[in-house]
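Two complexes come next, and they have one chain in common, chain A, joined by chain B in the first and chain C in the second.
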Partner chain A sequence: MTGDVLIVNLAGLLASAAPLIFAVIGETISERAGVINLSMNGMILLSAMGSFSVALATGSLAAGFLAGAAIGALVALVVAAAGISLRQSQVAVGFVLALLCRDLSYFLGNPVMGQVGPRLPPAPIPLLAGLPVAGPLLFRQDLMTYLSLLLVAGAWLFLFKTRPGLVLRGIGEKPEAAYARGARVKALRYLYTVLGGAIAGLAGPIYSLSVKAGWKGSISGLDGLGWIVLSITIFGGWKPFRAAFGCYLFALLQWLGLVLQPLLPGLPSQVLQVAPFPLMILTLLLVNLGKAEWVERSLATLPGPARRRLSRVLRALNATPPAALGTPFEED
Partner chain B sequence: MDVRVELRDIEKSFGPVKANAGISLDIPSGSIQGILGENGAGKSTLMKVLSGFIRPDSGRILLDGKAASIGSPADAIRAGVGMLHQDPLDFPPLRLVDDFVLGRPGGIGPERRSAAAELARLAGRFGFALDPEGYVDALTVGERQQLEILRLLWIGARVLILDEPTTGISLPQKEKLFATLRELASEGMTVLFVSHKLEDVEALCDRAAVLRQGCLAGEAEPPFSSEALVSLMFGKAVELAPKRRLEPGRSVLAAKGVCLESPRLRIQDLSLCVRSGEVIGLAGMEGSGQALFLGACAGLARPVAGSFCLEAEGLDMTGRSHLDYKRAGVAYLPAARLEQALVPGLTLGEHFTLAEGGRGLFVDRKAAAKLAEERIAAYNIKGRPESRIEELSGGNQQRALLALLTSPLSLILVEHPTRGLDIESTIYIWGKLKERCAAGSSIVFISSDLDEILQYSDRVLVFFAGRASPPLDAASLDVERLGGLIGGKGWDEIEGKAGRA
Partner chain C sequence: MRKERLAKLLFGIGALALALGISTLVLLAAKAPPLAAYANIALGALGSWDVAANVLVSWVPLVLATSGLLVTFTAGLWNIGIEGQITLGAIFATWALRALQGAALPPALAIGLAFAAGMAGGALWALLTGALRTFGGVNEIFGGLGLNFVSTALNIWLIFGPWKRPGVASMSGTVPFDKSLWLPTLAPGSRLAPASLALALAGIALVFVLLRGSYFGLRLKAVGRNPRAALLLGIPAERYLLAAFLGCGLLAGLAGAVQVTAVYHRLIPSISSGYGYLGLMVAMLASNQAPLAALVALFFAALNVGSIRLPIVLKLDSSLAGVLQGSLVLFFLLGQGARQRLLERKRGGRP
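Now for the complex of A and B:
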């Protein structure tokens, strides 16, 4: 494989991971605030179908993307209302929504199935696009791919470098403590769940208007991605950069599946199609090694400085969920 | 910064229970006001009303003579009322400086650097060793309290409420806390100190109010009389049973040269022989090794070297499972009652049925109900057989745990038998434990309350950073010496003595 081909493939990888990144960052924001939005799989399908229909009807890409965000926000609002105000199980509500939205998207999407709609054009950045290597890799992408990169950095800055971001982490970690410090826990949880839903909702139109343009119903190849999004959120340790790494890793594994297939004719095609999923689980295991008791015990036998350094690395790798994830909070 | 706090006819009911039945209290600025009362007397409710967590059914709060409307913690903060909760309301996974900043109004940027400098300055002023870049979950309960006090000062608290602050902190930390509170009061801070521990209130407070069953039972000023306060708290006099010396009998548990390891700690070469009828207290700062050793005595931690024998049976138990220990008559009562010892969601009656085992597939409802009634009466538990266990108060949960013990037992291991309990429950629990001793069981217990260790143990083992002292005769110890040992002072002397003996 020549260098040029490799760069084109890598550029494709960045683009194909963009929808995953939107969904994972959206879910990360919601879960950091303590609300688990399990509807992801159905929601992405519904917003992919809905935004495609809107873009087809209006001829406007912008309207399509807005519709996608609105669908994501709306589904998240249902999870928030049930979980925060009605104090129902977020897991149960999210799961039912995941199934409902999927079937709804197949049913409502019949009229637009297979039609040719608008497609997000690439938007090369002047000057920068001409650079060797970096140009074709980074600067000849479409708008949403650029935004996906900015989103990761933006989410990280917000969560870890700002005062509202600190409060956001606080309400997901220990809402009663945040409440004692004057935070309006319920209102903020609504806000971040809906905001996270809107961001994740953009994953739909990125698929149906760009990465996998069009709507093909149950053979769109989007079913299941929402569950991967949930697992990448966990694997990402609720941290934006790690989550983005997880998205690229998954996209890479999927791409490898396609590339390797012709080279390994003896292998049933299903093996490579399914391989990314167990590989994700394996990575998850490796990353969370630091929690295992035997690791702690063998660490204790190391000399001081080495132990401190290693345990700091393991601590940084460790993914601890927000302590109050999925639990309702009652002021009073 | 002086604020006079006046509470006027505060009433609050939870269902049929009147937690506060018209309480009025005046607290002058610059004083330390003790709020005493047994568990469930309404202390916490009253303090939560003042700090905005609970809206009262009726009544008013006046700060400096002006009516204050405090409907949420945010309102309380604005009015300058800060509360240090019994379980510190902080964020364990965060760095200290982030925890410090969280919730303080300000711009988008958290200004970590100036906050860290401010934290370091305040910590230095009170002599607290807090590293702004460290993590909260690495701190002890006492240090988390210190952090929280500094934070409340920083956000401008002028009234400081402390809810049972001396539970779970070490003696030196307690002394530091008291010194800090005195200094703050001398600067005009109004301090409300909520406790069920008489000695703390007597040592610290300028005045004390006693609550009983939701009412103000009375007020007192120094010099305090313990008897008077106790009779205000309970409406009757409660007496400590005189200490009785039991002649130790045959050996029940023999630990020889035990070495234990946990990720953080290493205990080496610990030997102890527990005789029947004996009470042994394990003292030490939390995490010094006493809990690890107690767990090992129940087969919950495996020793790296050494042996455990239950010698009455001539049994070598080294490396056996907890179940084997249990069958051999060893009972273990962990400190986390609701998490590790009881089953939340099951009723009191179901607990007795579970503990007794019994035969057959079906529960004999009649026999179970009878058993539950008997035990509830015998252990004076405030609850019914159909009450769910988590609805009981801490004192009643502990009574239930004791009631669940089967008999006969050779050894009872208890972690913090009376943590968070009022004096009446404490005396009751120890009365029951002593009954077990009289029947031939031995007791090994952990406590961070030095008075409890000295009052109830025959012999004491002190733990310090994984080192264990030889068994010391409780009669030869006093609070100062024991406190010193816990803090790592005076070890040469006892180890030298043991070496000669």
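Now for the complex of A and C:
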């Protein structure tokens, strides 16, 4: 493989990870505030279908993307209302929405199936696009890919460098303490769940109007991605940069599946397509292993230097969820 | 108490009405005639003895999966991995039947062994999720989802690789088994096997008795409600969680084995047909009550079978059944929350 081809492939990787990044950052914001939005899988399908239909009907890409964000926000609002106000299990409501939205997208998407719609054009940045290596890699992408990079940095800045970000983390970690300090826990949880949903909702149009343009119903190849989004959120340890790393890793694995296909003729293509999914679970295992009691016990039997090195690796991989994730909070 | 039950019933009816309302809006949005759509679903599920029998054919795996899920739900577990457990049951049953095809065993014994193999397969897969959760700290939702993908990959690899049809491998699945190894059906050409009906009834009855009347069920409930308190009471919570996974896996594996031996007579790519996910919704809607779950499963199976007519007659996607089922469970959950909040307000403050 020559250098040029490699750069083109890497640039493609950045673009194909963009929808995952929007979804994972959206979910990270929601979970940081204490609300788990399990509806991702169906929501992404519905927002992909909905935004494609809207863009097709209006001829406007902007309208399509807005529709995607609106669908994400609306689904998140249902999760928020059920979980925060009605105090139902967020997992139960999210799971039902994941199935409901998937079936809705297949049913309502029937008429637009297979049609050719508008597609997000690349937006090379003047001057920078002409740079060697960095030009084709970074500066000849489309708008949403640029935004995906900005989103990661922006989310990190907001979460860890601003006061509202501190409060956001507070309501997901210790809602009682945040409430005692004057934070309106319920209202803020609504806000960040819906905001996270809107950001994640953009993943749909990035697929249907750019990365995998069009709507092909149940063979769109999008079913299952939402579940991966949820595991990357955990893998990312609820930190934007680590989450983005997870997205690129997954995109890389999927790309490798395509590249390796011709080298392994005995293996059906479907096997390599799903291979990244179990690999993500393996990484989840690594992320959680450091917390298991038996691991600690067996580590204690190792000689000093080896134990220290191993436990440092495990601690670096370790990810702890927001303490109040998934639990309702009552203000009184 | 009676008033509370009445309120529950009213909220249930309200949820059904709202679900029908949403589905009607969805149908109108798709420029489809709602009444004709509902009539066709009813006709597709009850219009003839044949389709009614098909409803029962689809009820069997759904009830088996649901009864397994009642066990894991009681333990407070979200066993989303049930889809993979059904698939593994189907794979193991297929493997057993392929191995026994040449042997001169009485067919009843061979089929019995296939059922046993299927149950073992489902149990193995469930225990894997359970071990990931108890020893690896991987939440059962994500461990289960990952293993679902693995089971799909394994299934497809088998169908296109080692077990492929002579000549060309295809999505239509493996070579059908010898007819002597098909589970006997009610009538020639029908797919309804009395034996599988009996298994489904036995499964749900067993779970009902286990959860309602046994010491094990009582302690499992304690673990599900509050694992820490259960531990303090001297209940080994981890062992009970694994036992719940085991029980669910056995029943899910049986569901997969039924699909292979009685319905398809071979292994096909999407052998679990989404019965696991649907079972999760049935269990939620039935509030973990076994008899109610059997009825809800019958209703859901009827919707699934009935909606097959939609693409044929009205050129609509059959996923309307899923829209109805999903919105019904969603409104049920929302209604349940609203009812609990109202009750609290009436009592003045929280209990």
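We adopt the following convention: the second predicted complex is superposed on the first by the 300 of 332 C-alpha atoms of A that agree within 3 Å, B and C clash if a C-alpha of one lies under 4 Å from a C-alpha of the other, contacts with A are read in each partner's own complex, and residues count from 1 in each chain.
Quick note on the criterion: a residue touches a chain if its C-beta (ideal position, glycine included) is under 8 Å from a C-beta of that chain, and two chains touch if they have at least 3 such contacts.
Please read these numbers as outputs of a predicted model, since none were measured by experiment.
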First (chain B), second (chain C), both or neither touched by A:Glu330: second
Touched partner set for A:Leu230, first chain B, second chain C, both or neither: second
If touched residues of chain A are counted for chain B and for chain C, the larger one: C
First (chain B), second (chain C), both or neither touched by A:Val96: second
Contact footprint of chain C on chain A as seen in their complex: 38, 78, 81-82, 85-89, 91-93, 95-97, 99-104, 106-108, 110-111, 217, 224, 227, 230-231, 234, 266-268, 270-271, 274-275, 277-278, 280-282, 284-285, 288-289, 291-292, 294, 330
Chain C to chain A touching residues, read off their complex: 26, 29-30, 78, 80, 132, 135-139, 141-143, 145-147, 149-150, 152-153, 156-157, 160-161, 169, 277, 280-281, 284, 316-317, 319-323, 325-327, 329-330, 333-334, 336-338, 340-341, 350
Chain B residues within the chain A interface of the complex: 51, 53-55, 72-74, 77, 83, 85, 89-94, 98, 101-110, 261, 263-264
Chain A - residues contacting chain B, complex: 161-164, 166-167, 169-170, 173-174, 176-184, 293, 296-297, 299-300, 320, 323, 331-332
